[in-house]
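You will see subunit A twice below: alongside subunit B first, and alongside subunit C after that.
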Partner chain A sequence: MGVHAIEFQVVDKSFRKNKVLQGTTFQVETGRTFAFLGRNGAGKTTAIRMMLGLLNRDDGMIRVLGLDPQVDPIGVRSRVGYLAEDQTMYGWMRCEEILRFMAPFYATWDHDLALQYARDFEVPLQTKIKHLSKGQNVRLGLVLALAHRPELVILDDPALGLDPIMRKQFNRDLITHLQGEGRTVFYSSHLLYEVEPVADEVAILDQGRIVRQSETENLRNDVKQIVLSSDAAVAVDETTSVLQRRAEGSELAIVVEKAQDMIESLRNEGVEHRVVDLNLDEIFEAYVTGTNNAEPHKKAEMQRIAGEA
Partner chain B sequence: MQSVWLSLLWKEWREHRMKLAALSGVAFLTLFLICFTFRNNIIDVFAFMTTSLGCYVFMTTFFVAMNVAGGESSRKTMPFLQSLPVPMWQPAAAKLLLASLTLILPLLLVMAFVYLPFLLGAESSESVRNAIDWDQGRWPQPWGIDDWFTARLVGSVLGILSFLLWLTAAGVNRSDEIRAGAVGFLTVTAVWLCFAGLWYIAEKKELPTIETFLKVAISAAPGGPGYSVWTKSNTLACLLIALVGHAGAGAWFLGRFGQVKFKSNRGGARDSVVQVDYTLGPPRHSQSSAIAWKQLRETGPLAAFALAATLAFTAIVLLADETKNVNFKRVFIQIGTGMSFFVVLVAGIGLYLDELKPGLNNFWRSRPNDLRLWFGVKYVAGLLVLIAVLGVPLFMAGLFYWSEGHHDLDWNEFWNGAHVATWVLTITYSIGMTAQCLTRQPLYAAALTVSILMIGAYLLAKFNDNLQLSTATNVTIMIVSLVVVIALAWQTVKHDWGWK
Partner chain C sequence: MILRIEKGSAVPISSQIAQQISMLCASGRLQPGERMPSVRELARELAVNQNTVLRVYERLVRDQLLEMRQGQGTFVAANAASTGLAAHRDSLVEELRQLARQGLALGLESEQLHELMDQALEQLQSSASVEKEAS
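Up next, the complex of A and B:
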């Protein structure tokens, strides 16, 4: 277990009566690429703003690079590179001007590196920011986020609004580049297929709670869809965590956690079944749509579906 | 079709109703303060009501007009409005209509309130009659309308409609409210200065035909109807010219509103353009110099305009002084003072106008900047620019005036005036900044600033009357009030408080 670059312990945050984060707990190990997944409005941006000390938590503990962002926000921001969702910058400045303007705010700013990134990302330095295209805006934001060699890079849905080809390039080239440099990358997104190839670890946030945190590969191995006859559904162990179920003719498709245990159990009982591998998108869907029902209801619902079939 | 109009008017009503409430509040507060302060001198009550009407007409119309002209673009809602299946002149007309109501209704309410005692026979009082006569002598009744209330309402409503049409026509389709306001203000000032220049030449060269022509032509200028209704001659010609000029301004606004193509920045259409110029100047020397540079760049356009206007007005006043045209000099000193106040107010509000918008607010706050430094350098840089563009030219003008042989200039009085003017400038700028941080809406910030200034001035005058405060106490009160205002702004910026 490495040192934690980010640590959230039972963090609560409400905006008046709206509970945005409820007991949110997760850790990001140093040097890893961490995908923070959730639907729109799940609380991802709120969590990120709390990491930067832009919002105060109601309860719990947050550490970023060992610092409490509520106590030392400038210390945190000096060591973090942050690219906001749809980042707005001073439209009247030229790209060159904003790089020169931001430089004195970072003790570790490397002006040559900023120029190199600007060249690599093809940022038009003499163009005013308000005239940049969406892609150029994101790339300029990245130069600003990376030129001070941050230990941790926080990307809040950075590819939002980019066309599919640019999104692929962004993920493939940039994240791989950052991984190559050994940086910790915290990548918030709701586009799962984008983060799947690059993320070492995944956390799924739903309604302010982390419903699952796992290594990407482990998650794929752990969560699977099992298709079995409706009559056999009653054989599903009550302790099995069923995330999603769907009747398909005389068959029932269920998405379960700890799939290996269940497969073992079904084999032992001689129940016929098929196992379907899921991609991250399908796993995410199972978590965020399936958790809307309480567990006992799931079981009852499954038995009802089995009866109807 | 009817439902389209209803929908558009409903939307505009929802957007204007709080402005209506704020303006009504300011109007009644002004009335209350005037009546209470001058309750023993009814002449002053009427005099200040007329002066306040003049201020209301220009200032509030400016803020409402800049919202009408640039509000949709500023909020990035113009593309949505353009996508609606209605011709763009319809939303534009709905905006103009509701903006006019927002500006005129508070006046009607206040005037109705003032009129109540007259229904009960207050007009029969000799002192009231004398006060009205005195005020009517100062500012003649438009078209010879005898009733003071009707006359003032007609003048004010015409002024409001005139400024609204001109300011919205000049600022239409600008990318944000400040640009719309700046272009509108610049246009209005340029038109006035043109008329002033022509008038000066006509008077000096004794060209009565040109003078008569200008007296008629000014009806078409911003606020012109407010002037022309007072002239007793050429009424019909003035009216026609006013109608033609303002119908043109209105048609320009209705025809141009929303007729702008928004650049699609998606998809990186420009990405294919190879930029070969990859040179990067050295970083800014320090955080302070970076923030000061940014502030100077942001205040630059307003400062340049203020400097040009100050120089132009100073020159006009000096020329008027040379030709012994006392009225001309008085009017331009009043306009110049009003404009200076206005520039200071806009500079104060503008200090955090963009930076507290959600996107930019998140950007600069998420960087490792020292908030105290950010706040302090911005404040001081903006203030120094204002003093430089407003104070220095006036000081130079004083020196010039004195060097030209006007040794009757009382330097003591000059310096006292300079001190008070600097304080008024600083407190107005500071309250404007604080009000913007709290309300995050320029119109509300302006209304709040004016209210605070009026209440403050009233309380200071009251304390001085009742307690006979010493100069030292007055200075202490001024300094403490300034510190309190700045401290409140600092806390608001620090904690990101304010109306969101």
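Up next, the complex of A and C:
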């Protein structure tokens, strides 16, 4: 197995005329917790289903644990733990029954471990699945995803529908049982601030493209809002990547990448400016609603306009 | 050790943890020689990535607030109180600078700013003495 647990190279996927993924490219390093972020409908679930060989790609290359999921879906699924977005399980089964039911599907299933996880996650083994709460349901799904000791765990929006206390508990379980054991975790969400405490790295998917991949810690340092007077906006370098731009009277507020470089050059040129730290939701918003949805040439144009304003 | 993490804040989580630990050292609530929770324990407690906690510990070791003893764990360093205090002085100066900037932007004069600062101090001192009398 290489250094990458998951690799997407220029992957395209359309459903009829609807282009869901367009040249999607990213890598997940082995042993890390990777958060995959995007708005509803950004293509997160489609990408995940492709990783498991549940959907075929139109173009590009996908490797999961070094395997092509399209060629060897069973090979991939035997080494990957997967928790679907709204995992439906047989409601009439008791939790204990579904554990026994799932066991024969996996050569590496460890039933003692399954029971242990069920205890740790407080899953009531004698209760019928249809009577479980949302939180218990997610944790039962996690038990099923982990009991075959997967090297890679793929969780599709696991925190969706959990209350804040359950989310924190879920994050704790993730940290103790997955990060603590050195596994790779790939975890999709639409809430950047929720994944921040646990993710080593985040990727933001928007309209089928990865618009940013970064270490969680670096993202905030790199993306900041800078407020300067419109007259001074000519000082904004052509090469600066402006994510979002708002003019307000004589002031111009821009959200930029590589903020430190820009701050330094503004300082060197003696341009008066104010730097505003952004929280992660604001950063996410800048990426998915800002000007960078535009094609690259439009982006340059936005900067020209910013320069002229 | 009680720490509080604010999710979604503009202050990175690692900085939040580091600041609070150095504050606890400066105020003496963490005593030199005291054993810190392990990276695993603190990560679980705060529901924060273990690597984040590890980076914070490493940074605080570099800043000489904590020390790692091979095979024993992480401990509060001997001079943690004064080191923590010095670090806090810097961030306090920075905050005061920002407050002063806000004041100037509101059109306050230097004299008026000093006056407000004095008033604030007085209020704190009088409420502290009321508490003392009450107890």
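Keep this in mind: the second predicted complex is superposed on the first by the 280 of 309 C-alpha atoms of A that agree within 3 Å, B and C clash if a C-alpha of one lies under 4 Å from a C-alpha of the other, contacts with A are read in each partner's own complex, and residues count from 1 in each chain.
Please note the rule applied: a residue touches a chain if its C-beta (ideal position, glycine included) is under 8 Å from a C-beta of that chain, and two chains touch if they have at least 3 such contacts.
All values reported here derive from a predicted model rather than from experimental measurement.
Overlay on subunit A: subunit B and subunit C fit together in the combined arrangement. Judged by the touch definition given at the top, the superposed model places A:K168 against subunit C, while subunit B stays out of reach.
Of the two partner chains, subunit B is the only one that A:L115 touches; subunit C does not reach it. In the superposed model, B is the one of subunit B and subunit C that contacts more residues of subunit A. When the two complexes are overlaid on their common chain A, residue A:F105 makes contact with subunit B while staying clear of subunit C.
Contacts of A:E217 after superposition: subunit C is touched, whereas subunit B is not reached.
When the two structures are aligned on the shared chain, A:N279 is found in touch with subunit C, with no touch to subunit B.
In the superposition on chain A, contact is made by A:E196 with subunit C only, not with subunit B. In the superposition on chain A, A:S250 makes contact with neither subunit B nor subunit C.
When the two complexes are overlaid on their common chain A, residue A:N18 makes contact with neither subunit B nor subunit C. Smallest inter-chain Cα distance, subunit B versus subunit C, after superposition on the shared chain: 20 Å.
Residues 33, 168-169, 171-172, 175-176, 179-180, 193-194, 196-200, 216-217, 220-221, 277-281 of subunit A touch subunit C in their complex. By the touch criterion stated above, subunit B contacts subunit A in their complex at residues 263, 265-271, 273-275, 277-287, 289-290, 293-294, 297-298, 354, 357-360, 362-363, 365-370, 496.
Those residues of subunit C whose C-beta lies close enough to touch subunit A in the complex are 5, 7-14, 40, 43-44, 46-52, 55. By the touch criterion stated above, subunit A contacts subunit B in their complex at residues 49, 52, 54, 74-75, 77-78, 82, 84, 86-90, 92-93, 96, 99-106, 109, 111, 114-115, 118-119, 122-127, 131-137, 161-163, 166.
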